[in-house]
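Same chain, two partners: chain A is paired with chain B first, then with chain C.
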Partner chain A sequence: MDQILQALANGLLLGGFYAVMVLGFSVIWGVMGIINLAHGEYLMIGAYLGWGLFRYFGMDPFAALLLILPLMFLFGYVLQYVLINRIVERPHLMSLLITFGISIALANLFKILFTSDPRNVSVTYNGSVELLGITFPIVKSIIFGAALLCMLGLHLFLQRSRMGKSIRAAAQNRTAARIVGVDINRTYAVTAGICIAITAAAGAMLSPTQAIFPFMGPPLTLKAYTITALGGLGRIPGALMGGVVLGVTETMVSRFVPGIGTNLGVAISFVILVLILILRPQGLLGGLRPVDPEAE
Partner chain B sequence: MMARVRDRLAQLGQGWGGLGLWWLLLAALALYPYTGVTHLTLFLGSQVFVLVTLASNWNLIGGMTGYVDFGHAVFFGIGAYVMGILVTKSPLLVSPEWGFLQALPVSGAAAAIFALLIGLPTLRLKGPYFSIAMLGTFVAMREIVRVLRPLTGGGVGLNLPPVLNRLGDYYLMLVLMGLVVSIMWWIRRSEFGQSLIAIREDEIGAEMRGINTTLHKILAFMIAAFFTGVVGGFWAWQNTFIDPDVVFIETRTVEMVMMSMLGGLGTVWGPPLGAVVIYVLQTVVWGRLFGIHLLALGILMVLLVLFLPEGILGTSGRGGGTSIVRLWGRIRQRSDP
Partner chain C sequence: MTHIRVLALGLVALIALVGCSGIRAPVVQEDAPAAASADDPTSVNVIRIGAAVSETGKYSREGRDTRQGYGTWLEWVNNEYGGIDVAGKRYQVELVMYDDEGDPDTVARLVEQLISEDRVDFLLGPYSSSLTQSASAISEKYDKIMVEGNGASESLFERGFRNLFAVLTPAGNYTQSALKMLAEQGAQSVVIAYEDTAFPTSVAEGAQRWAKAYGLEVLGVETYPRDVADVSGIMAKFKEVEPDIFVGGGHFNDAILFIRAAKELDFNPKAMVITVGPSNPKLVQEVGADAEYVIGPTQWEASMGYEDEYFGTAAEYAARYEAQWGEPPTYQAAESTATALALQLAIEAAGALDTASVRDALREMDVVTFYGPINFDETGKNASKPMGATQVQDGEILVVAPGHAAVSDLRYPAPAWKDR
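And then the complex of A and B:
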């Protein structure tokens, strides 16, 4: 019983991280209809920023978020303006290929810059607290809290602010939004900026919990895709739900199925993904738009 | 004048002339070892043939059918592992040399069967969803191979019996490449190929016209997987060592995609041309700068999408010349005020 509860708690904490990791992917897909294959690489950049600031400036990875967020917002804004906006209205294939190209280029750029040695960030508060017989690692609990904060912030931004309304308008109908005077290019750039900033922040938060290396991206992209398919496009509660479902499934399987390491998490998410795509292509909850393009 | 040259080129590619030229080239390549070349040259030659074959195969599903496969290297990996397992573990095979030729079609068949199994669910997905599902298949398969330690050797890998036969490798790959490209040429002319292109352009429309789209997609996928598996088996034999990280490597898929794109998606002669161009670029231009290969490929991919999405030989479906001709026209227009 205790073991089950412990695994459940671990899965929940992992799910919180997954939720914040997937937000950017989910919103970019929901708003622009682009499947961002470079998503894992933005996480990787965030993780390396967290590591670099920790290693050379002694900054705490969570404090470093204040620096990483604006920096990566700028990165995302420029990237969207210079590259992605040019192909956003072309066939899907083009956006897939261009983000695939970006992902390869970024991963290998980082390999050249930092070699493929795994890097670690070891913070001082690396312990855990025990509550009701269940151990909670401190770092992962902080990540969970920060994830909830990020989600709340993004939700408020999308619902309340003027820019958020433009973003939602552009997601619902690009042409109509353009007619009523939404600057689509700028809206998309801001969307990408915010999404990439949050993604990089998730990467930086990840840095104290696991090793960082240039090729950590693709499995994370795949997980992001699975969670988005589970939770629906651009839906923040959906992201949380999908993240928790995947997190709990992964920890349960790696805990109770003998002979399987956590490495198989990718395989598990793949199985879930294929099942979802075949059985419920609109996601478990529905979202900004259906996962299946035929319904558009 | 330009237009006439272009028309002739297009006809040459589609007609018997194209195939004739191809066979002439093959004959020349078959005579090439008699000019007294080193083992290294033969080895490099077979490497180029591998790339051409892989690019042509990818083009069948990614270019002609329009289902962009970001995990095609999974079939390469399966072929390589079936070869590795058969020649090292199977008690049925006595002598390794004989085992290789026996195991080669088996590794292709295994990949084709896997394509059937994985294609039935994934080919129902449209466009980008298929691409990601295949990327997932690829990443998941690498982990599965790593876990199945008794059969695959896990992360330690498998050592195949080393048999050095560069001349044999060269001819084997030459025949395989000639066969695959000729098949692509035939498919492009046949009703089967026309149906594939119809599926690419408008799948629902194709279905309405009475094309059994599922059957066509699965068949194309299986053919592409079969030859990719055979190449994988060959590669494992030639390399004499396989582990999950050298076999299931993203680079291989990236190269297939890039070569097809550069040459022209959906054309017969584009992928071979793209393969040779990228190989030359790789060895001559960025090969000397260690580790920059994939960075350059990634940047090249972004640039291609932005500026030359149809590749060197690609014609857009709705008239108009090859991209090169149009790019030339645009440059002339710009310079003419």
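And then the complex of A and C:
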């Protein structure tokens, strides 16, 4: 029983991270209909920022979020305004190509800047606490808390603020939103800014738990894709559910299948993806709505 | 149906992205120096040597060490040694290198390109057993010699190839000296986790063999995939069986993951033996104090007592390397230099450039270099070189086994994480 609870706790913590990691990917896709293949690279940038601020300014990676969020918001805003807005209304292949290009350019830029040595953030409080017979890794628990905060913040922003309403309007019907006076270009730029900022924040949170290197992105993008298919597009509860389902499945399988558990845990996410595409292509929560038909 | 099409399209693109992260194969060509220019007729002889080595991808770190190891030899042979001596004639060396991106299909394509388009005379190996496996299949097909120093898996030499030679100790022996030493210190049980690719599999099979030989009980064996991002599942399982020794066989990134996960889960084996990583100073830099007590097998360390007439002692080689690249050599770098040196010595002994003569010279080779003895057995493995073991002690990587190369005593058992 203890073992099951322990595996469940590990899975939940992993799932919380997955959820915040996937938010940006899912919202950008939901709002603009763009599959952002450079998603993993934004995480990578965040992780490097976390590492750099820690290494050279002694800043804790979680405190560094206060700096990383606005910085990456700006980055995302400009990138969207200058580059992505030009192709949002073009066929999907264009956005795939351009984000694929950004992904390669960023990974190699970081390789030139920082070499491919794996980097690491060694926080002093890395360790564990025991609670009710279950071991909780401290760093991962903090990540879980921070992830919930990010999700809550984004949820309130989208539901309550005027800008959030514009974003949702643009997602539902671009043409109608335009007619009632929503500045689509600006709305998209703000959306991208927020999404990329949150993604980079997730990367910074990741930095104390695993090695950081320029080519860490693509596997994370793939994982984001699976979770989005699980949870639905642009839905925060969906991202949380998808992340937790994937996290718990992975840990359970790797914990209880002897010998090849970890292999199987990774493979299982793709089995899930294939099953969803066949059985429920609209996502488990039914949130994978068609994107704006004009974009086709 | 739009969204299904989008999903499918995106999926295809993603697979392409993961499959070939970084779609490019840049030529990193280190030309022979100006001495080989056409206006000097006495030195236009050039030997072209090719290699596909990771510059990007999972093995980019070790790949760089490999490139720099080759580069150290190239610099020395062209500028200091005066070129390879083939029957009295000096040949400058031109080294053609490509980035294999850590991908077995890419490396095969690039080796084919090196042989058929760049027309190289000889090949040096890539980094890692899996890539060597696929690269050597091509060189064998074209009957080209490939000397390598970074593919230690025994399975490479069980295929009956005639043209593949490796200067490094085979993977099955990696953990031998560490496990022997730990068994002598009173350790009784061991758990093993390894990446399911060629080299770690060989290491792990060897570890199980040696564990049995030294009377250690194997309490658990787990595998994990390449590009793993989290090993806490494995470590949680191991924590429950309370082993004395943890053996982790993988590559550099995995070493960081293992140490992280053990600390996070409060998993306290008395010794951690990790295949690649502990012998590299970067690990200590990145993980800091958590790397203390970690034991690693090493092919070579600068403190070992080998020497030759070309690079001098192991320590002199290390000084030369550091002067050229600004960082101390890892064993991956040293074995890459030794790889190229072995090829050079074989060419000189053969006094010819054809595959058959050089192959015979390699078969008969029996030399001691700064890297250790090189003496290939009939399958192409270097059977004569023993493996060392290092331990991180007070931030330094010190050789603790075998006896004649040791500069410090093993610290065993390691204290629990919370007592450090």
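In the analysis below, the second predicted complex is superposed on the first by the 282 of 296 C-alpha atoms of A that agree within 3 Å, B and C clash if a C-alpha of one lies under 4 Å from a C-alpha of the other, contacts with A are read in each partner's own complex, and residues count from 1 in each chain.
The rule is short, and it goes like this: a contact is a pair of C-beta atoms (placed from the backbone, for glycine too) under 8 Å apart; a residue touches a chain by one contact, two chains touch by 3 or more.
These figures come from a predicted structure and were not determined experimentally.
When the two complexes are overlaid on chain A, chain B and chain C occupy overlapping space and clash. Set against each other, chain B and chain C differ in how many residues of chain A they touch, and the higher count belongs to C. Once chain A of one complex is fitted onto chain A of the other, the partner contacts of A:P218 extend to both chain B and chain C. When the two structures are aligned on the shared chain, A:I142 is found in touch with neither chain B nor chain C. Judged by the touch definition given at the top, the superposed model places A:A105 against chain B, while chain C stays out of reach. Within the superposed three-chain model, A:F270 lies in touch with chain B and out of touch with chain C [touch as defined at top]. Looking at the shared chain after the overlay, A:S254 reaches chain C, while chain B stays out of its contact range. In the superposition on chain A, A:I35 makes contact with both chain B and chain C. In the superposition on chain A, contact is made by A:A7 with chain C only, not with chain B. Residue contacts after overlaying the shared chain place A:G127 against chain C, while chain B stays out of touching range. In the superposition on chain A, A:H92 contacts both chain B and chain C.
With the shared chain A as the reference for superposition, chain C clashes with chain B in the stretch 150-158, and the other listed options (114-122, 150-158, 186-194 or 258-266) are free of clashes.
Once both structures are placed on chain A, chain A residues 35, 37, 92-93, 96, 100, 103-104, 107-108, 111, 218-219, 221-222, 225, 259-261, 263, 266-267, 273, 277, 291, 293 are touched by chain B and, in the other complex, by chain C. Across the interface of their complex, chain A is touched by residues 66, 68, 70, 121-122, 124-129, 131-133, 135-137, 139-140, 143-144, 146-147, 250, 254, 257, 261, 291-295, 297-302, 304-306, 309 of chain B. Contact residues of chain A toward chain C in the complex are 3, 6-7, 10, 14, 33, 35, 37, 92-93, 96, 100, 103-104, 107-108, 111, 115-120, 122, 126-128, 135, 137-140, 209-211, 213-215, 217-222, 225, 229, 250-251, 254-255, 258-263, 265-267, 273, 277, 281-282, 288-291, 293, 296. Residues 35, 37, 83, 86-87, 90, 92-94, 96-98, 100-109, 111-112, 218-219, 221-222, 225-226, 259-261, 263-264, 266-267, 269-271, 273-274, 277-278, 291-294 of chain A touch chain B in their complex. Those residues of chain C whose C-beta lies close enough to touch chain A in the complex are 2-4, 6-11, 13-14, 16-18, 21-24, 55-58, 60-61, 63-64, 196, 220-225, 227-234, 236-237, 240, 252-253, 256-257, 260, 263-266, 282, 286-290, 417-418.
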